[in-house]
Structures are given as structure tokens and as C-alpha cells.
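Paired with chain B in one complex and with chain C in the other, chain A is shared by the two complexes that follow.
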Partner chain A sequence: MNMQTTSRLTAAETALVEAFGAQIGELPGNGAVIGTRDRLLDELKKAGLPTRRIEAWHYTDLKNLLRSVPDAALVSAIDPIAPLVEGSKVLSILQGAADAKAAVDGVEIALFKDRLADGSAVAGLTALDKDDAIGRINGSFVRDGYAITVPANAELEAPIELQALHAAGQVHTRFPVSFGAASRATIIERHRSVTEDAAFVSSISDITLEDGADITWIILQTQGAADTHLGQIRVQLGTDAKLRLFVINAGGKLVRQELRIDVVGEGAELTLRGVNLLGAESHTDVTLVLGHNVPNTNSTEIIRNVVFDRANGVFQGMIRVAPDAQKTDAKMSCNTLLLTDDGGFSAKPELEIFADDVVCGHGATVADIESSHLFYLMARGVPENKARAMLVNAFVAEIVEELEEEKLVEALEGVISAWLEKHA
Partner chain B sequence: MLEIKNLHARIAEDGTEIIRGLNLTVKAGEIAAIMGPNGSGKSTLSYILSGRQDYEVTEGDILYNGESILELDPAERASKGIFLAFQYPLEIPGVATMQFLKVAMNEQRKARGEAELTTPDFIRRVKDAAEKLKIDQAMLRRPLNVGFSGGEKKRAEILQMALLEPKLCILDETDSGLDIDALKIVADGVNALKSPDRATIVITHYQRLLDYIVPDTVHVLYKGQIIRSGDKALALELEENGYADIIGEAA
Partner chain C sequence: MAAVQETIDQVRLIDVDQYKYGFETVIEVDKAPKGLSEEIIRFISAKKQEPDWMLEWRLDAYRRWLTMEEPTWARVEYPKIDFNDLYYYAAPKSTAGPKSLEEVDPELLKVYEKLGIPLREQEILAGVETPRVAVDAVFDSVSVVTTFKKELQKAGVIFMSISEAIREHPELIKKYLGSVVPTSDNFYATLNAAVFTDGSFVFVPKGVRCPMELSTYFRINEKNTGQFERTLIIAEEGSYVSYLEGCTAPQRDENQLHAAVVELIALDDAEIKYSTVQNWYPGDAQGKGGIYNFVTKRGDCRGARSKISWTQVETGSAITWKYPSCILRGDDSRGEFYSIAVSNGYQQIDSGTKMIHLGKNTSSRIISKGISAGNSNNTYRGQVSINRRASNARNFTNCDSLLIGDQCGAHTVPYIDVKNASAQIEHEATTSKISEDQKFYVMQRGIPEEEAIALIVNGFVKDVIQQLPMEFAVEAQKLIGISLEGSVG
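Here is the complex of A and B:
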């Protein structure tokens, strides 16, 4: 590293470069993996963290927002916690390290660090495009995770909870998951901090749904108030596959959740629902890039945001319909309850349609609580603060209730009301 | 029980005066009907009594059991026993009907210094009241008023009234949109609540509802004032001759 390069880097960029240097020889991987890591870090160093001049990062100027990165040094041991939904099979990742003894009946589970060591993970480590900062960071630093294969026709009764807990420092995890044809499962990807100390987390889930798989995937992010969380889920949807993807953000200081979804099989259906509970001085960005690449596929996307304090939120929703993807049906909406004068929300829906026989629509609203609703509840004797809380809760609970699995709905509603009680 | 004295009120947003010197007294045990043509201020009066913030009182006072309620918010008025059955009950997605009923009942009890209801006690009360109003249990499992028909919404309002046991009931055009069977069910529900310590104000356009809920007094509201008061016979007179004669006399 020469002096000129160093001077151009921000404190956070410098910390990342130094952390990489400090971990040489420690990060798992064969020669090919190490070569890829070196290349990704080099790209990161050259491009720097993305700024608002990069279109995909326009509302989340990472270079400016990411002020520092904590040391990568490992901290003291953490114990697993009870699963979100009782009876779930828990696969814990504590401070970025998977459990070698983890097992779920009827499912193949491997440690991601072994995939790095034998080099089989190398293809997936690359960045998705030149602006994929999360791909570069995660690919450079990832240490562990679970590689999961759900066999064809498997029907998993209990949800699998990927329980990612951390205390502080840096944590980089990855979860390649493949769902065999006609399999059914519910996965809860849960990211949670167990301390108030700052952490820097990146996590990528790389999931494939084979033909006819029917999957519910929940991302529940409840990081600490000082944490940076960079998440990405890469999805391939096969023929007649159905995916219900729920993303809930209820924590973190600087959060970006990227949803990179490709619909590649006819008859596939995506149901995307997002709930963003934003408070304090946080910045939370959900960015969707969805490709309808073949004919006869459907998707609906509904994002609900609640903004308190000095929080800022972003939703970017790009839907691309390929030239031969006729009969695509896609509807996207983003609704925000803005309950403060000091916070904000930016919504950028985009449709790029190259086919001529499609139904695509989008809408975005930003509003305060409906005064007539508030009056109705108060006219029945519900005090104003409680009536407001009920209406805010209702605004997001409506989305969660679509999940239908009672225990899961109850658990998520519990997370939401606990958050609202603390912040509203 | 209720004394409205020289009340003047306007729409807060644009200053349009709707109530212009209204005087009205309703005693405990009384059923008072307020009738009047469209635009006379009937619904506005019901909103002002229940404390909706879209309106401003510029003059006069509203006394409830001898005390002014103008400074109280809608929730405080409700816990003192004022209940408005809405002309158009609102659909509130995401708020479960049962949860709403429980919160409303318990918040009112809390405000009055009473113990909260136990869950079994609450469920029993709702079940009993719902049966009387022929309200299906499935309806109670839906979000508040969401997907209810017009008649179901009105019955749900009366259910809330029965459960909250208010002292002053204000029914705003409760008959609108009801067929005759639903009208009878609703009227029976209202009549079942009649008691010497409870007053009811029935706001209506038509005499029809008053065949089932028989008023002690009838008042004609026009341009924000009560221009004529009488007994049940006044309602019949209006039914036969319309409002024109009475309005002519007042002018």
C-alpha cells in the first residue's frame, strides 16, 4: 500500500483494508478462494465504498454514512437463544462461526468454511456487478455459515432458524441454500446483536428454488443501535416455484438489505413483503432488483414503513421484465407512515419493461395516521397515545398476518409490538 | 343530563359556521330525536358532542351532568359515558375486532378507576351481546368493520354501545342503509338499553326509525339552530308535510 492510496481512503475503508491484512492466513479458503478474496478486496480498494454518485447507492451514500468499522478481533463466547418460533430447528452462527454439530433430520447441512477450504464455494464468492459493494465485502471477509440442501419432495414441518448472533466486532456470514423440486420449508434468517457495542455485519444468502418448491423465507434483522448490517439475498426461482419472502428491519444504525431476485421458470410466483420499523438516528435501505425473465410469472411486493425520530428509510424497487417475459403480472407498493418532522423516507420504484403483454404497476404513499381512524378509536375511550400505537401496529400487522402460520404471525407481531413500545 | 347553551361552532379548516346558536336540553331517561333536512348540521352536532377536532366551538357551552366538556378529548368524553354510533362506521384494517373491544372496554374502566375485565368475563359479555344482535362470531374474528355490509356495521356499532354501557348515546342516522329486519334488530338493541339514568339522542332524517325507537321529545334542526321542539306528534307532522312549513314559520 503506497501513501497516495492510503490518503484517498476513508477511515472505514482503511479499517477494512487493514482488517484484511491482519487476517491474512486466517481466513479460510484454498488457493482459488484466496485469489478471489484478494481480487475482491482490491476492487473494493480501487472503487472505494459507493457514494451517492453511484445510481444504485444514491440514497445510501455508504462512503459517507459508514464512519468507522470496529476491529475484527473475536470477542467472548455467546450462547444461543430461544428460537423465534417454538419448535424450530436452530442452526446457530455465533459471532460468525457455525456449529459443527448442527443437524436437521432430512436436510443436508455443511459448514460454509469447509466449502471455502475445499474451494467449492469459489464461484459464488464473486460480486454480482461493479456496484456490488456487499458482494465484495462479504466475499473478501466471509468466514463461515451453512450450506443447506433440502432434498426434492421434502416437507419440513418445523421452521429452520438460522440464528446469527453477535456481540461486537466484525461478522461475515454466508448461507447457500438449495430447495429441491416440490420441497416445502420455512426458513427464518435471524440477525441479532446481544450487546450495545458496535458491530459490522455482512451476510449473503444465496438461494435456489427448484421446480415447484414452495418456500417461506423470513429475514428478521434486530441488530443493535450502533450496528452496521449489510445483507443480501440472491434468489433463483424455478418453474412453478413459490417464494414468500418477508423482510423485517427493526434495528441497526446503518442497514442495507439487497434483494436480488431472478425469476427463471414459468409459472413461478414471488410474494415479497417488507416491514421497516425505523427509529432514533438510523438509516435503513431495502433495495430490490427483480428480474421477470420468462413468460407467465407473477409477483407482488408490498413494503410498509414506520418512521419515528430522526430516522431515514429508503426503498428502491426495480422490476425488469425481459423481452420475451409475456404475461408477467407484477404489482409493487410502498407505504410509509411518517410520524416525525425530523425523519424521512425515499421511495424509488422503477419498472423496465421490454415485453408488450404484461400487467405491471407500482404506487407509493407517505402519510400520517388517518385522523378519522384516530377519532373512531378515541370515541370509544381509547386514549390518544394508545390509539396511535394501535393504528401504527395495524399498519404493519396487516402485512404480517398474510403469513397465515399462526405461531409465526404471533411471534413477529410480538417483535413489532415490543419495538413500538420501546420507540413510539 | 345534557345541556347545550347558545352553541356556535365552525369547521376548523375553513371557518365555515355550521352550528349557529343551538340550545337543547336532554334529561336522564329521555329519548330525544333530532330531525332536519340535509345540511342542517345534524352530523356536525354529533361530532361536536363526541369531541372531533375538525370542529371549533366559538361560543356557548356544552354541559354534561352540569360540567363543561369542551376541553375534554374524545377518549375522556367516552370514558365519562358519551357514545356516538357513527353514520359511517370506519373500516380499520389490521385492528382485530375482539382486541379493539377489549382495549376500549378496559381503557374506559381504567379511566373510571374500575378493575379490568378478565378474559373469560370479556368473552362472555361479547358473546351474549352479539347473540342478541344476531352478530355472527365469524364477523368478530375479522378486522374492525373490514368487509362488513352496511347493516353489519350498524349492528357492530350497537354491539359496542351495549358493551360500553354509555350514559349518553348519540345515534347518527343509524337507520340509513338498513332494511326493515336489520332496523328492528338495531332498534331492539337500542330499546334494551333504555333506562332512567341513560339518555339517547336519535339523529334521523326519517320518521321510520321513530316507529321502533319511540322518542319523548322531537327537535327540528335547521341552519344550525333548533327551530321547533315538540313530542312524537311533531315527527308525524314532519312526515306528512315535510320541513317546508316549519322552516317557513321560523324564517
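Here is the complex of A and C:
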């Protein structure tokens, strides 16, 4: 019984393979980088895009959902837009190309394409595991991005905005960022479309927090209704490092946001907050794989989802506690407002625990708006649609407010309100 | 708390590698040759004097099975099973079926006596008047004796071995067998469909409340035999039945395979309560030997307002792969799953449930308590799925894990799929160890550490123990005590 069969490539898989063939001559990279690209594409070709039979992709059958991939052809120039928060230092990546002139005081910034050209980026290009389709796609195709080094003890007053603007076509970006010991900074990673045409985007942020770094990282994804966004953030948290990671998805047609976080230093702390606003026929998947690998670390994760129309949402949250990671305190919760019978939500909060002296828990809820809450507002003369909007807004605003920095909270609330007004 | 005291006594008495039920009975056994083929299936079918349609059903399943692959998604590891190196049929040799207990091989009766099976149901708990229990004992695949058949018959309840039922009630078998777990369901269920040798059949007619608890004990005895039993329970409109299943197996060096299928069908307003205490041999302290337990259990709430409740206490087996599920098809139907899974030594448990909400106003409740000790791994894997048309569905899930020792693992893998806005789903899971505060509180009242832990563990699983029929509750507490021996203190 030989079950090994060579499966035929789907249209999207074929498009990726062909795009690679067409681009390979001009993709930046030295011999080692090109070799790695070849290998990753080969793996992708052999494994195909993941299906629901692959546990990590159980709810996002990429092979089936990704019907086509737009041509790689780049379109005309795009202009940067105003930053989300006034006064931010903007590092723009327009249609996948970083700005050679970009600079932020006190921070080392290099173009990722230069790192590819000199081969120093090669180690980071690899896939994290055999099911890491995003790592493979991005590693094969990545052209540019910023490599950022925040020196030890630096305290950046203004946020840095990584402004990734996409038109149509394929865009593959990468942001290796390292935060020195005891540094403090706020980074806003923003992905936005400027046209209605389909874009296929893969983006990986590879971030390291040295001992005692205290960082806020915000991912704001507001791509177009025809776009595919495959995002991944790889995090290493050092001793006593603190990361507040906010992930907001309010756009895209097919979105997979992978958060691969490894806590490797004692006393480290992770705060993850997520808001996913799903409408139209979109499919949005947030997948967290969090490893507590050393003793005495904490994490809390709260994910809030609102589902309208024919949208489907997914949250997979895996917390792994290694055998030596005693005194881990990890709490995860995923709450969903499912406001439609045409859409759906799937949650898989997982715990994998190998240490005994830990406190770990997760909770997941899925429900409609509580009728008593609605009644309370309507009894006070608020019309139903307005009352609903208020309750939905409150459900997600609560999360954003945890950011505390007023300007940032205001800006994100603005994005959320605008989205809700359009979809509710 | 007499039961708690008993647990503690058991813990003192028995080491993890001194499996209490690890004796072997020497009686003559009628065996089919090793291996699996169409001939073996024909042999089994002929031995069972089955009609042709049944043989065809088996062969069809076998042919499907040949095209299937062993599932690998569960968090269990074991060397590949050579399905051709097993015996698929072993029956105690007897010429005619025994008419009464007196006619049964006394060796067999001794085995049951050692196990404490209440064949003669009077004094299950000394001084306590207990409800009657009817037992359909399965000894290496063949149902040996069925008690209380007559009394059950009076009530109209059919309780017999499935082989008898195939001969005597073919219309019911044809209608219901495989209607909940189809032959193509999964690798092990398909294998079972091809080679099952015995099991129980229960039919409770319309409006009848089964006058006693029905009970089956399974034992694997002969070396290298797979135990493939098949149970089918049908509760007609407005009926009620409570079914108890308990398992023990003698000590063996080689791993033995157990792949059972249980199908429950509840029609309008019917209720089925299915309780299991599973205590197959878990392997020795080094992880050698033990039973592989790959079981498919599924209940179908086919009628409106029907209810199916699973309660399980899993303390045995080297590997457990088991997900008793409910398909909530009827409107207003209800599914329940209460589970205690205790793993010690090198045991691996991957167990949980599925609640598939299809009808309107359906509700389900899942309470799972996992306790891992030693070098074991204990996984809860559960699915709650709300169909698009299943309006007003309600689910509550609670799974708690307790870790004893730093070499074991506790894992939780819930899948929640909701496609209807009116559903209300709540899931919570926690993992922790016994807190020092709790232990201190108990110990400073003069209770030694080991007893303190046993007390706390019994408190941890109380929600589930309460769901068991009383005589089982006592046995379950004993088993938990035995299973945790050597891991505490």
C-alpha cells in the first residue's frame, strides 16, 4: 500500500512556482541566499500549500482558499500617507521597496535587500518547521524591508511606523528588528492597501528583545477586500524583557497572522491583545504558538473577535510550557461576538504542559450580543442598531484602551469605529 | 468517607507494577489462526453462525479497511502495530452455550470472583441495599453468561450478546448497526466492523424504564488476541436505560490491542446513561506492556428531547485513544460527557469528546478532569461544533488538569466551531498542581502527605464521580487511588 502520490499543483501553487522562475534572476541575494530560496521553493512545491489535514492549518485550508495569486508585476509609484499617530517616525515600504534614505535618530537602519545581497540575512530565511508555509513563501520571494537595531538603553520617545503600502501584485517584506538591553520603543507595523486590486502579501517580522527591553509592538492590518495577507511575527523574549503585542486585523480577504513567540529569559512578560473585525466574505486566522521555555515567566493573551456577514474567523492559541519552565503563569482568553448565521468562528486554544508547578488556563466563548445588555440600552431610548453598535464597539475598545498612550488609543479607536460604521 | 479510606488502603497495598488484576486464567481456548484475511473473517462469521448479509457487511468493512491509513494525529506514540500478528478470534471452548451460572467453567467464575464482579448481585456494598444489576460478561470476545434475561424480557428489554442478537433480531441489527458509527468511520472502527467477535446488544422499547442497571465486564485473557467488541444500545421513544461497563485485564508483556465500537441511539424523549470504568493493564513501571485501547464510542440523540450521557473513569491502558461523542440531531436534545482520566507510569491518554449540535435548542455539557503523574502524558481533545441551523445551542465545557510530578505532561486541545449566532459557547480550562496551601491545610490537621493528596485528588474529581452509579463510584475511587500509587509524596 504505497500511499505516496504526486499531487497536482493548484492554480495558486503553479502561479507561485512560475513567479519564482520568472523572478529568480532579479531577486536580491548572494549564492547562499539564492540556494536557500531554491530549497524553500522546492519544499513548497513538494509539500504544496497546507490543507486542513495539516493540524496547524486545520481551519485555514490554504490550498483550497487561495484560488489565485496575482502577477508579480509591480505597479506605478505610491506615495506615503500620514502616520497613524502624529509625530511618528515613518519608515515606508512602498509596494515592497524600502526607502534608502530612511533614517531615525539613534537607531541603526539597514535595507533588508542589502542584507540579502551580502548574504548576512540567510540564517533567518529558513522555515520554522515543516508546516511553515509562510516562512517558505516569504523566504523564497522576499525582496526588501528594514533591518532595525535599537541600541541598548535607548528610549525612543516617538513611535516608529513601518508603513507598508500595497497596490496590486505580489509583495514580500521582512523586518528583522533587535531591541538592545533595557531599550524602550513603540513600533507600529502597518499594512494597508491603496487600491482595490488584489494584492498577495507575505511579511515576516523577526524580533529579538534583549534583557530588560520594554517594547510595544502594534500590527495594524487594513488591507483591501480582495487581498491575501500572510503575516508572521517571530519573537525571542530575553530576561526580564517586556513585550506588549497588539494585533489588529480589519481588512483583507484571506488573512493568516502567525505569532510565534519564544520566551527564553527568566522574568520575561508577554501581553498579547488582539482585535479581529471580520466582514464580507473574508477569512481571518490568528495563530499563536507561545513557548514558555524557562522558569518564572508570565503571559496573558486576550483576543476579541467580531464576525459579520459571511466571514469566517479562526483563533488557534497554543501555549507550550517546557519541562523546566516552573512557575509559569499563562492565561489566555478568546471571546467572539458572532453576529451572523452565515459566517462562523472556530477556536482552538491549546495547552501543552510539561512542568508541574505552573498556573495555566484558557477560556473561550462564542455568543451573540447579550439580549439583556441590548434591552438595557433600548429601554433608555437608544434604537436597536445604535445600541448594537455601541455594544460591539465597547467589546473591542476595552482591549485597545489597555495601550494607555492616549494618541495611540484614539487613532486605533478611530480605525475600529470607521470599520464598524462601514460593516455593521 | 469510607471510600476515601479504602482508596488510601489500596494505595498502600499495591505498587504500580503490581497490577492487581494481573493474574492469568488457564482455561481451554478456541482460537483462530493468527492474522487477518477474508478467510479469518469468514471463519469468525461462521463460528458465530451469522447470516450471509452479516458476512458481507464484515467483508465490505474489511475491504475498506485495507485502503485506510492508521490515524496519527493523536498525541500518542507506539511502535507500529502488525495487524497480521494478532489473533482475531479466541473463545473459551465449550460445546453448548451454558444455561445458567452453574454450568459455567468454575475457573471462569473464579476470575470474576477475584475481580469482584457482582454476578450474583446481592451484596455489592455490605449493608447497602442496591438496585439489581444484570451482567453480560464478556470473556475474551464471547459473551459467556447473561443473567436476569428473563426479568428483563418481562419488561420487554432485550439484553443479549450482539452475536445472539444478529441471529435473533436481524431486523433491529440491520436497521441500527453501523447507523451511528458507519463501517467507513475511521481506521479502528472499520477494523472492528470487520472482525468484531462479541459485545452487548440492548433494546429498550417505547415507554419502558429499564428495571435495573445493565452491566458488562470485559476482560482480555488470551495472549495476543485483539479484543474487538461491539455494543449497540437502542432506547425507543420515552425509554430510559443506564448501562455500566467495566474493564480489567491480566498482566501481559506484549501490548494487546483493543478496538471496540459502541453505538447508542436515543429516540424521542429517551435517555441513555453510559458509564465506563476502564482499568486495562497500563504496562509496568518501565512502560513495558499494556493495552492499546483505540475505541470509537458515539451516541446519536436521534429524537427530540432525547438525552445521552457518557461518564468515564480511565485509569488503565498503556495508550488510550477514545472520544465518546454525542450527535445532537433531535431538537431540544442534550449530550453530556463526564470524564476522569488518570495517567501514571508511561501511560499515554488522548481522550475527550465531540458534541455535534445539529438540532435546535440543543445543549451539551463537558466536564473533564485529567490527572497526570509519573512519566505519563494526558491529553484532553474535544470538539464542540454548532451547525448553521442549530439555533439556540448551548455548550459549557470545563477541563481541568492536575499535574503530580515534573516528568509528566498535561495537554488540552479543544476545537470550537460555531456557525450560528444564537449559540452560546463557554469553554474553560485550567492546569495546575496541588497547591501547597491546600496540602498544608489538610496536613496540619494531622493527615499524612500521601493521604492528604489522595483526599485532594478525590475532591478534584468529585464532579465526575457524582455522575457514576453508586457501586461504580466506589470502584472508581479505588482505581484512582491505585493508579496514583508511587506518584505522590
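Some points to look at:
Throughout what follows, the second predicted complex is superposed on the first by the 417 of 424 C-alpha atoms of A that agree within 3 Å, B and C clash if a C-alpha of one lies under 4 Å from a C-alpha of the other, contacts with A are read in each partner's own complex, and residues count from 1 in each chain.
As a working rule, a residue touches a chain if its C-beta (ideal position, glycine included) is under 8 Å from a C-beta of that chain, and two chains touch if they have at least 3 such contacts.
No experiment lies behind these values; they were computed from the predicted model shown.
Placing chain B and chain C on a common chain A by superposition gives a fit, with no clash between them.
By the touch criterion stated above, A:Tyr376 is placed in contact with chain B alone, chain C being left untouched. Once chain A of one complex is fitted onto chain A of the other, the partner contacts of A:Thr340 are limited to chain C, with no touch recorded for chain B. Contacts of A:Ala355 after superposition: chain C is touched, whereas chain B is not reached.
When the two complexes are overlaid on their common chain A, residue A:Ala225 makes contact with neither chain B nor chain C. In the overlay built on the shared chain, the residue A:Ile78 is in contact with neither chain B nor chain C. Counting residues of chain A touched by each partner, chain B versus chain C, the larger count belongs to C.
Once the two complexes are overlaid on the shared chain, A:Asn393 sits against chain B while remaining clear of chain C. Within the superposed three-chain model, A:Gln326 lies in touch with chain C and out of touch with chain B [touch as defined at top]. Taking the C-alpha centre of chain A as the apex, the lines running to the C-alpha centres of chain B and chain C meet at 80 degrees, rounded to a multiple of 10. Between chain B and chain C, the minimal CA-CA distance in the chain A superposition rounds to 12 Å.
Counting contacts by the rule stated earlier, no residue of chain A appears in both its interface with chain B and its interface with chain C. Taken together, the chain C residues at the contact with chain A in this complex read 66-67, 69, 73, 386, 388, 391, 401, 403-433.
The touching residues of chain A, counted against chain B in their complex, run 371-373, 375-384, 386-387, 390-391, 393-398, 401.
Of all residues in chain B, only 50-54, 73-75, 77-79, 83-84, 86, 89-90, 92-95, 100, 103-104, 107-108, 111, 143, 160, 164 touch chain A in the complex they form.
Note for the complex: chain A touches chain C at residues 1, 3, 55, 58, 323, 326, 336, 338-368.
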